[in-house]
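Next come two complexes, and both contain chain A; in the first it sits with chain B, in the second with chain C.
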Partner chain A sequence: MNESIQKEASRQGNQRLLRVHVVVGITFSLFMYISVFFGIFAIVLPYVSAWEKPSKHYAMPDIRNINYSAMIDPVLDEPDYPMINGVQIRLPGYLGNPSLTISAPFTKRRIFNPNTNEEVKNEGKQSQLAMFLNHMHYGRPLKDFGYWLFGFVAVAGLFLVVGGVVLVLVKKFNDTGKNAQSRFSKWHRKIFTWVFPPFIIITLTGALMNIGWTMSMPMTYVVSKGETFQEWKLTNPVLFPDLPRIEKKNDIVPMLKMNELIKIAQKINPEINFNKIILINWKDSSAQVKLEGYNPYMPFLNGTSNDPSVTLKGIDGTLISQQKVMDKHWSGLIYDSTMFLHKLFGVDTFTRFFVVFIMLISAFALGFGVLLWLEKKAKVFPKDIPVYQGMGKLSLAVMIGVIPATGLLFVLQWILPFDMQDRFLFQKGMFAIFWIGTYTWACYKINSYETAKQFLKIASVFFIISPFIHFYSSGFSPVRLWNENMGNILGVDIGLFIFALILFYVSVKLPNSRDEAQKFWTRIL
Partner chain B sequence: MKKILIALGLFCTLGFSHNLIMEVLDNEDNTLTIVGAYDTGDKAAGAMIRFESLSTGAILYKKRLPYESELTISIPNEAYQIVLDGGPDHVLTQVGISPKEGFSKNQESQVNGMETMTTASMTLTTQLSQAKNNTNIWGNLTIFLFTMCLILFLLAIYFSFKNTEKIIKEIRKRNENIT
Partner chain C sequence: MNKYYALYKELSKIENNGRKIGLFRTICSIFGGCFLSYLAMTLLVYILPGTVGESLTVPIVFHTIVWAMCSLWISIALTKWIALMRVFVPSFIFSILLVIFYNL
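Presenting the complex of A and B:
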């Protein structure tokens, strides 16, 4: 008797968990899909960033032969260059960027081609395609509201993945069904069962970045004994400490050449790939140069808050201090190892594309989850009446409509003149209009299958013409890109072209009606 | 509902306020003190202060703010504007305070009424630094794009309503035929 009561209680518990999973899933699914879809672009951000900007159209220089002094020294010699807050120099190679950049607060960032030592025009805020795709990944266009929304979406994602795995373990699902609904259910479960370990880490760190800090206000208040509720006041001194202010001696003395300083730093710690130089009190006899970088022999433990560094005297390169990877406070090591899998700092192309693959199949798994829900809802419609359902239309516009809208972003990137006023605002505005336009069109057309095919066809057109517009407008043909060692940029063009072909193929193969859809999904899944 | 929307709107804009502020104090001894800061309370040490002549556009004075983020400067004897240049998209301008004895007469008129400038001096204003600051004020393009989005969204609701009605009618008709 007790056993049967227990069984019934367990069955009801599982049933409740499944219902909650469905409700939470359908509520957050579209946001999760958006985050995953743009997350794929965020993973390949270094390549897109090089593709979108004329100021990055040159080969990655050989770091052994760069004449740093020829680029850096003339800028620092400018009488009005603001050096009071320190000067930051990004060396070529950082995140796939071939250029050398010099920046300081209250002045425009200066960009140099290290192959020629010439300054190139900084597009600045006129070109922000890669950043915009990244911002869409975590809700930044909606500002604080977006951060909170996508933060809670990540929390919901965690609940869904953990709850989903529990359901797979405790509940028996039938995988032998011969209809589309059964196939969607099977693949939704299957994919998430495969990818749940990395997916959990990615959503956990995503939640931490979006809402973790802000939500820790009460804890910060308690820990600081009422001193502050702003967590960064407690964490920043440990994770991102400010540079010490060094009193100037108010004299002007010659500094050691930048190439020499880099050589000395490299000799002191050969394990670090230096990517950033910070100059303090430059040209004063108190000048210091801090060279920061990444230690590839200790992945997970550095790259985000932990930047191993060597600090030298500006006059003669005498060692002042150095910080190795393990010198960081333990909380910084934990922070970096947690963030590593989300930010993919310092990872190679293969690893990046492996994570792209995981995200891609996760996007499909999310899609199957939504299709499963829609298929259940469609049952109320008689077979000879077309299914017209609000969530279906919204899902169509959000999940499929976003593809041509993103394609339009790529098309506009090289069509719009770089000196056009409000260029980026226009570009993202057109993206928004097109995306909402797909929702209008989805609602206007009754047959969603046909609309999905149309969206994919338009997307394939946008993505296929993007590389050609890029070749024409930039003046870099595929042959020239190849000959001048710009494989990373040519790779984006090829990637866009292949993506367009895949979209076109899918648009042709997708079913046209409800009947065809049942046959199609049972055949391919 | 209205209160919730207002609160939500405020919540969305508060976190991103990070604008430069310039304060100009007349020391009444023919000097003035300029203080540059962010509205968050952070100092703006390193930002450029310029005095630009309103009659010739010439730069009369320029210096970057020191660590203290304030400068005390002698007031020029010709009409000028004070510029706090915080780099791209962060430029503040203000008409300069006159010295105790005032500016020369023809320049005085420019300070008292910028709108009464002659055609020649209107051309000059294009040479002078123009105020630029990251604000949340919507420009014409933003309003146009937002309106387009809104229209498309309203159209979507309209089509959704019409098509739902159509489908319901079809279902009703079908049910009537069955019965």
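Presenting the complex of A and C:
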């Protein structure tokens, strides 16, 4: 008796495992796809944000010969520049940004071109393409609802990854089927078996950033014995400690030149790529300068909360204290190692594109999962009638329709004048209208295969004209971009062009009917 | 008493197959899983060494994945009764431990 119950339990357990994976998967698939799709653009955000702005069209300076003093010291010498609350300086090169910015609370941010040491005017809120793509990645346009929705989607994603791994371990799958359904199933499993470890970490930190911190309120209340609801009040002293308050001596003394200070810091810790300078009590004899950066020799351990730093005296540059990567508290190190793959602060181009590749094939694996479900639904109908299915149409519009809609964003970026009123509103409004429009078109056309090909063709047109519009409107030809060392911007143009060609090739190759589709998928997968 | 026994009988009935999850298991797994993992992570804050500020980060970071795991574990229970027990028994144990740690 007991044995038979155990057998039944394992049989039903396996069935439930599969069933719950399918139900949760299809419910959240489209949101997960949106998150992954825009996440890919968010990974290349440093390049897009340089591409989108005329004010950032200059060469990435060689960090060894930047004259920091020429930009920073005049600003600090201005008699009414407010330094009482500290000054923050971002050095060129951080997250692909070629400019140097100086900011202090309650003042305008000052932005400099390190090649000419001249101040430049930023477009500000007029140009937010990269930011918008990043916001779409985590539901920001829907405000709090979006955060909760995408956070919950991330939890569902974790559920699916864990459940999927268990499924692959306990259930025998048959890979030999000669139809599209079996191929989708095979590649859905195969890809995620390869990429689930990074995927799980990235999803985990995504869930943390969207709902984890917010949900920690009751926990914080309990463990602090009713002291506070806000976890950051307890964790910030460990993760992001405040700078010490230093009593002012109330005198004015000359400070060491910025170039000298950076050189001294570099000598003290040559492993750090410094990207941020914090000035405390500047021009007072108690002045301190804290130089923070990223240590590329210790990936996964620094970059997010752990910024190795060197603190120097402002007058003569004597070392006050320094923090190395491993000096951080262990909770900070764990926090940074989970966040590393998601945030990718300070990593090189190769790592960035490796993560792009992982996420790209994950997007395909997600797509195969949805196709697998749709194939199962369509299987019951005879081959010669087209299947009109609600989820199929919605997936078509969301998953394929988003590509031309995003292409439109890139086209509008350089077609609209930068001084246009409500420029960004118009840009994102057009994006939304186009995306909804693809849903209308998907529902109107009976043959989804044909519609998918059309969407991809429109997308390829959008993506192929956007670099040319960029060349024309910005006045920077590809040759000029190359000659003036703007490889990062030219790279975006080339990337868009190649992406368009791939989309066009795919749109031509994709099948036109259900019958062709079966042959097509069994041939290529 | 008979009414409760009938309810227990109803909940612990083994279904014919596992092709339907049902609302009962769904609610148990989403909310029960969240509750259970939350208690577990709160307990972890006490177990990890260091001050509250030092040990709070890691449980918050890992709460969501523990939630997902608990939900999965609850949702594949053989009967509704087992699903219910998977929520309440560990939650009860964790709650008792939490009360002890809180007053320690």
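Keep in mind that, in the parts below, the second predicted complex is superposed on the first by the 508 of 525 C-alpha atoms of A that agree within 3 Å, B and C clash if a C-alpha of one lies under 4 Å from a C-alpha of the other, contacts with A are read in each partner's own complex, and residues count from 1 in each chain.
Note that in this section a residue touches a chain if its C-beta (ideal position, glycine included) is under 8 Å from a C-beta of that chain, and two chains touch if they have at least 3 such contacts.
Keep in mind that this is a model prediction, so the values were computed, not measured.
Chemist: After the overlay on chain A, what do you see for chain B versus chain C, clash or fit?
Modeler: Verdict on chain A: chain B and chain C fit.
Chemist: Just chain B (first), just chain C (second), both, or neither: which does A:444 touch?
Modeler: first
Chemist: With the two structures laid over each other on chain A, which partner does A:143 touch: chain B (first), chain C (second), both, or neither?
Modeler: first
Chemist: Check whether chain B or chain C contacts more residues of chain A in the superposed model.
Modeler: Per-residue touch count on chain A favours C.
Chemist: Consider the C-alpha centres of chain B and chain C from the C-alpha centre of chain A, and write down the angle between them to the nearest 10 degrees.
Modeler: The three centres form an angle at chain A of 90 degrees.
Chemist: So, A:208: does it touch chain B (first), chain C (second), both, or neither?
Modeler: Second partner only, chain C.
Chemist: After superposition on the shared chain, which partner residues are touched by A:7: those of chain B (first), chain C (second), both, or neither?
Modeler: In the superposed model, A:7 contacts neither chain B nor chain C.
Chemist: Kindly classify A:23 by the partners it touches after superposition: chain B alone (first), chain C alone (second), both, or neither?
Modeler: In the superposed model, A:23 contacts chain C only, not chain B.
Chemist: Regarding the shared-chain residue A:216, is it in contact with chain B (first), chain C (second), both, or neither?
Modeler: The second partner, chain C, only.
Chemist: Of the partners chain B and chain C, which touch A:383 in the superposed model: first, second, both, neither?
Modeler: neither
Chemist: Please indicate which partner A:267 is in contact with in the superposed arrangement: first for chain B, second for chain C, both, or neither.
Modeler: In the superposed model, A:267 contacts neither chain B nor chain C.
Chemist: Once both structures are aligned on chain A, how many angstrom separate the closest C-alpha atoms of chain B and chain C?
Modeler: So the smallest C-alpha to C-alpha spacing between these two chains is 18 Å.
Chemist: Quick check: in the complex, which residue numbers of chain B touch chain A?
Modeler: Listed in rising order, the residues are 8, 11-16, 44-48, 62, 64, 66-67, 85-90, 139, 141-142, 145, 148-149, 152-153, 155-157, 159-160, 163-164, 166-167, 170-171, 174.
Chemist: Within their complex, state which residues of chain C touch chain A.
Modeler: 14-15, 17-21, 29, 38, 41-42, 45-46, 50, 52-65, 67-69, 71-72, 75-76, 78, 98, 102
Chemist: Contact residues on chain A for chain C in the complex?
Modeler: By the definition above, chain A touches chain C via 5, 8-9, 11-17, 19-20, 23, 151, 154-156, 158-159, 161-163, 166, 200, 204-205, 207-208, 211-213, 215-216, 218-220, 222-225, 231, 234-239, 329, 331-332, 334-335, 338.
Chemist: Along chain A, where are the residues that touch chain B in the complex?
Modeler: Within the complex, chain A contacts chain B at residues 80, 82, 84-85, 104-108, 124-125, 142-145, 245, 381-382, 384-386, 388, 390, 393, 422, 425-426, 429-430, 432-433, 436-437, 439-440, 442-444, 446.
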